[in-house]
């Protein structure tokens, strides 16, 4: 993989509420290399969106970064002023939002909306910016772009609008593209089109993507690496094959188990609800929902155990003293495939 | 390795063994759930402005209506020329303007002494040009203004709510015709309806009430209709219909609770607007007039002598403004309490 | 679009016709004769006067004559003001009222937009609190009370502006303020709520993600989106200004329509009452039509299809 462009270290973010401080992000570390796609997976409230908003410097007013650093090209984003962040946003780091129906300004022609970042960051005059907007509009696959550039958002369908949002994000050829559940609000058929478009553009524009989703199915075809988040922490990360076929954390098992595959006969839901982050549990946050939980899980937070050079998981099950347990059938099946894959490589 | 710092016990890796009950426990909701109106009330109580306003309104209502046995109209229309145009005098307070003194030709002079009025006589808010106690007239006037506003609002509510529900619930042609009627009525300025009504009937309380009710109900009807229309297509109402519940029962169980918040909020906005209209009409002399008393009449009286006896307009104006502010704040508070989405 | 316009204009005519009819028959229901000095008049004189004003004809005929005249711009003759045609009375007074109305509307709306936006941008700070308190007070102090206070303290005591009359721009300032404070408070509240909504919307978040600065976001995105719905308030403001003009013109002795209306009501001058009533209705209906059309043009989401329900 290419050079490392983003390095998040021990990030901690609290939200101040009337009930107390919600510890939304607890000791999160990950990195991003040039040209790769990192997927951050987790259920709602696990802190994935908060993490990416902190990368953009777009945290809500009541959010406080309590610790850690976000190194972007050896500079800490968290130490930058709002003014400096404005120069990074949209130019070096761009973002695609979840709901294309509400993320476009209803009263502004889409051409102008796409051209805006160019005018802001590259000092391009309006006419030239609109010409470039037209180019990118063609690139994201809007037909009759010459006419449609003068239309308003409500004249486009949901899928088309998400293409326009992508065009806005990519118009300055950013180094990092953050996609926050970009397909969740779309029809399944459109989802695939948008994912294909993103992959295709990633090649053309040579951007790295951080892909936020709760849907593991979307991840498989998209990502190079996967980080699984639970209750404000990353609990397992590795290459996409390692996470899909050699998962180690019981929560990852649960996620994979609840995902429909060709072979699955019934879907297993993960029982219970995530812990209250106002007062997060001392040990492993997943312990209360974990059928394999051990006494140590309630007392101590597990460290990251190394599975391979690229694969780490935070579960006491990987401790040498831990008893051997048998994972669910589906996981056993996946691990078999993983062994075959490795045998082929060797 | 890093494990050294962990406090591992021999039994650390024994299974925890969750049982089913525990899980069910964790899914229970901790706080008791509140009904919609309880929740709204709880939110309203947090809004200081609204709570204070509610108190002010209650006090004004209690004082003005509770004064009925003590202040009667026949007493108020008798003139006492010897006490005419006296400034405020509150025993025990020695602040110019409240001690019976008034600026006459740039000098503070004790008007009570000049007119040879006995020491025992004092008027808390002074007197008007006929020698009536201004305090008594203001209390009586507030009662009339509030009566006009409240009764007009009740009429307005009655017409507007039933019109809106029928129009929204029936739908189709009925709705269409009823909406066109509203459209036409609401493109006539309220003022004109009121003025025409006042010309035809004799100016007075009843005609003001009627005029206000007739001109103000369209807003209420429109809001109720819109809400009814959207409720009608709401899943739970559809479900109730599919289950064969009668229309009347659906309306009572689903429509009334949902519409009631709109009614309450709209009422709180209609009352101050009615108070304003009464004052306005009486002020320009086509509403309630002279021997009668209302806040508008008092303002009209006070305005004539404002240059020389400013207190005669200031006091009723302050009462009117406080009343309006209180109703507006309470209305805002109720709107925010009933619709958490608008709260910020 | 054309069909929609035609439909709207038809409704407008129908509304005006209905108002004219209702007004006419209400006036006929009124007790007494309209002559100010009728005690001194002999029955013979009253009969002559009735003939002169066409009051001797049967009511249906008077009605036909009235409607026919109105279509041709003839609103009848005033009973009170030296037998002037009502249309002349109106046209000689409309200038002052229109100027006052437009000035008050501009004053209120422009200042209201500024106050409301500033409050929304600095929401939940002392700026917001101050703006909210002021707009509640502005909404709650009746304009006629404010007018009397302004006239006394600013003109009489401080001598900054003329006390009354209508002879130049300085004469218009206090009436404009008194009349404009209501729309100002209403606009400020409306813009604040709208802008807070807009500022919390996804497209503002996207604009921030584009790297736009605060000013750019507010100027290019937030302001436009929160201003558009303000157009719908111009109709209600017109009503408020018409109402207000009756009392403000009176207090400041401005020779306008509102002052005329009050005088006509107090003197039972039916033709003038009817004339001004029709004028107010016509003005309001026209302004509502115009603002609806403007709204359709400036808000790309609204399409003028004719079924806005």
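Order as written gives the chain letters A, B and C; numbering starts at 1 within each chain.
Convention: a residue touches a chain if its C-beta (ideal position, glycine included) is under 8 Å from a C-beta of that chain, and two chains touch if they have at least 3 such contacts.
From a predicted model like this one, the values you see are computed outputs, not experimental measurements.
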Chain centroid nearest the full-protein CA centroid: B
Leader among chain pairs (count of C-beta contacts): B-C
Distance from the mean Cα position of chain C to that of chain B, given in whole angstrom: 25
Gap in Å, rounded to a whole number, between the CA centres of chain B and chain A: 51
Between chain A and chain C, centroid-to-centroid distance (C-alpha), Å: 55
Sequence positions of chain A contacting 2 or more other chains: none
Contacting residues of chain C [partner chain A, same complex]: 201-203, 205-213, 216, 220-221, 224-225, 228, 299-301
Chain B contact footprint on chain C (complex, rising order): 11-12, 14-15, 18-19, 22-23, 26-27, 29-30, 123-124, 136-137, 139-142, 144-145, 148-149, 152, 156, 193, 196, 239, 242-243, 246-247, 250-251, 261-262, 265-266, 268, 273, 277, 280-281, 284-285, 288, 309
Touching residues on chain A, where the partner in the complex is chain C: 56, 58, 83, 85-91, 94-95, 97, 99, 102-108, 116-117, 120-121, 152, 154, 165, 168-169
Contacting residues of chain B [partner chain C, same complex]: 179-180, 183-184, 187-192, 195-196, 198-200, 272, 276, 279-280, 283-286, 299, 303, 306-307, 310, 313, 317, 320-321, 324-325, 328-329, 332, 342, 344
